[in-house]
């Protein structure tokens, strides 16, 4: 069951030029939280910004009852969010949405993140790894400093393969090129991806051509976050009349189910 | 914020209101389109304790709604262009209404048609269904017969729609006025002449936003409805104007985010209020305001809401 | 914010615009009533570098204005009910205009009358005074002859006022449209038919606020005009609508606080923009936006503003 | 000449339940600042609150180039203002308005402040005292903890007479009662006052009855602060047609010149 609670901030630090990690204690939300779900948080009191902001569960510590978010500074909301200090409280609503499903036991999974799209894949990697899946994580960024999940991925113990556009770490080029050139598709049973839609579209094509199943996590402007306002609508590929709601029917969907932009 | 010097009354203040025949346990409703069919918020609040749940606008046949993006935040407000996505009146009556009835909610149906006949037909379909307490008429829809002109901007059409619905319904009928008009009072008068039992005001202001990076309108549908605190001054002004000229109870809303906002609306003439956009920020907002109102009445020695309704218009 | 990967053009981008015959050095004006007669801000900014200074609304005879409070802040906006306080056209022409002329400012006079004849008379008085570049018609005033109905809400009256002013003036005439109307396009068409050279839009939305402690309207005059970021979505929508239907240059404004806001207005069809409420926060706002615009044009390889005016309406 | 500048905050502390002192370096504004003038400050970035807030010059240190404000928490603006930390910057416009005039040499002056209305009187007391005037300061508050200017007044070296409603310090009762009961009017040549209008009205009546001259400092909602918007209008007592502008013609006016509320 989702809740609105005031999360006590225990850690809040900048992890790259434009990315921050925010950890808070959320005794009601954390125990329920599944990988791929998100929280809807108020980045500041008052009416500017007015609406909550959706952010994925980057990591969850069930023992501590804490949730960690990874966010990129984009506009007013994320800018103001950086002002929140440890020992202050953050107003959080969650866990929301449908998370990732787990593939049948024994399947070899590949997680592909682009930029801050790595956020939902860390908690997913942790859960998959805990359950004994063989997990490979590909993370594409501009430059090595943006490989913010490196330590977490190592600590979780998954096979982590970075790609950078400037070649400063790992494969030089797009993460989809890394996927095509360095991964043997016959060793991949299931794919999870999150990142820019153009990247996820390429991953979806890759998977379709090779008949590999998988899931992606989508973003859309949100007001309510619970399926009430019908604001976060996207068209399904199979059905050209009705719309799914990213907040409630997603944010996770089967690869190829939803129309992507670009 | 309890003031220690304030006398606390012995008697409980009376929060219930009669809105043109609809009895609400407290005067704070949730606005159409912002609370779905109630169940979307069942985890966050006891939905039966809400003054009234105005459900998502319903049409005769299902509507898929507009292409996205459908919402965007603006200064102290938001634009939406949902496009009246809804499963149609039958699904509402057969699938959503029973749930609300089971939970003993006070329900106001919100209906929208393309023609006067469609409004009348929608009212007829609702007639006899237990669990609907009143009908709110969304008259901000384009009238297909009149080439897309909105019903809510033409007094003659407002009269016809209200009149047609009244003929088909025994429920209180509450037209919801569009603020995108030159003269809100003449629209309110037309609604009254048509037989309205109460007035709901205001619906959203028409607005837009531009995506400067892509150099095009941000909403898929170009225009959207502006809601939230930004529109509060306009809503208050229109309610003030109508309250002084038209003797119908008013369900007021537009940007209400807290108790003080609700009090402003009551003082310019709203017998009851609705919260919409505010729900997205505080799912419990309606009941929190109702509780705050009770406390405020106690502190201010007010036993009946009628003591403050319209007090700022004298 | 200069993007390193962007090609910087060799040529300076062209910032000057021809607004219906008025040449502005850059497209950012300061709105009437928010910049006094220029000298109030002389300590903060080189007023001659402002695209155009639209001076405080002027009437035939001096007006004391409304009782206070005259202003109040609202969510992302403010209400004002100044009540057109001004010293009258003669004092403007003899005492304020010479100062502005001395400082080589581009000046737009803003005039307001109670009757069509007053507007015509005001235009005649201005005629021949060097230093006035154009006349903005504030048609949001109540028309005393028609029992207080606002000029700006009736197409026929708009036509008459514009027409009468045009007959008495050789200057570009720019009616300033009120947003408190059902159909802004029909008002714009009437202004065009009357001979308008450009359109200014939008003036303030009518609103109010309540002092809940004293249980009365907060403004001494009850109603006031809503300005600031809150009204930006409405302003953009109306400019978009008018730009597509009426072929007159538009001076757009309503809530502009920064360069991005100004770009939104240009992309829906404004050839030039005005900043009003924003000035109170940043006295240098007009010139800052003009400078930012130049840089933005360089970064985006835009040499003429016409490349972006209306680009989001296609 | 007034300026807009970014003042470096060097001190910002709570001085009573609902009052704070904010000191910042304002190298352009401070040298010009006169007692009774005010600054127009942004209490937060962004559009909430939208407008600047007018605050009197509580104290000015011309050597340091610093300005100190004393403010009471009232609504959104003053609430958000408390968040500004030392080493951050505050956006200030000033000095604005017409300050207090100095009476002829040798005149014995009495300053009467009500609540946070003491703010402009501290800097005034400092300047008057520096110039050798004999200065008495009366400050009326609810309870002794609100006598926030006590230390400053002692340091300046003026005769400081508090009144409290609860009798916890000084005279018990209204400051106007203190004035009437404990001050010999024949020893008063000039009065300055700032506080609630009902209090200033009583002071003005007192002065008029005894033919003592003086000045008061007014407040009104402001947008521009420079006389451009005509928002801060008040009626003069002598002239029932036109309005003065508090920001430009004031905030200081001769006692009895302007119509007071209440």
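As written, the chain order gives the labels A, B, C and D, with residue 1 at the start of each chain.
We take it that contacts are C-beta pairs under 8 Å (C-beta built on N, C-alpha and C of every residue); 3 or more make two chains touch, one makes a residue touch a chain.
It should be emphasised that the depicted structure is a prediction, and the values quoted were computed from it without experimental measurement.
In summary, the chains found to touch both chain C and chain D are A, B.
Comparing the centres of all chains, each the average of its CA atoms, the largest separation from chain D belongs to A. The centroid of the Cα atoms in chain A and the matching centroid in chain B are 36 Å apart.
Here the CA centre of chain A is 46 Å from the CA centre of chain C.
Rounded to a whole number, the gap between the C-alpha centres of chain A and chain D is 54 angstrom. Chain D has residues 47-48 in contact with two or more other chains.
Of all residues in chain C, those that touch two or more other chains are 75-77, 228-229.
If the chains shown are joined wherever they touch, the resulting network links each chain directly to all the rest. Against chain A, the residues of chain D that register as touching in their complex are 46-48, 76, 80. The touching residues of chain D, when paired with chain B in their complex, are 47-48. Here chain C touches chain B in the complex through residues 74-77, 79, 153, 180-183, 205-212, 215-217, 222-224, 226, 228-234, 236-237, 240, 255, 260, 263-264, 267-268, 308, 311-312, going by the rule given at the top.
Here chain B touches chain A in the complex through residues 33-36, 40-41, 43-44, 56, 64-73, 75-78, 80, 82, 85, 228-229, 257, 277, 279-284, going by the rule given at the top. Looking at the complex, you find that chain C touches chain A at residues 75-76.
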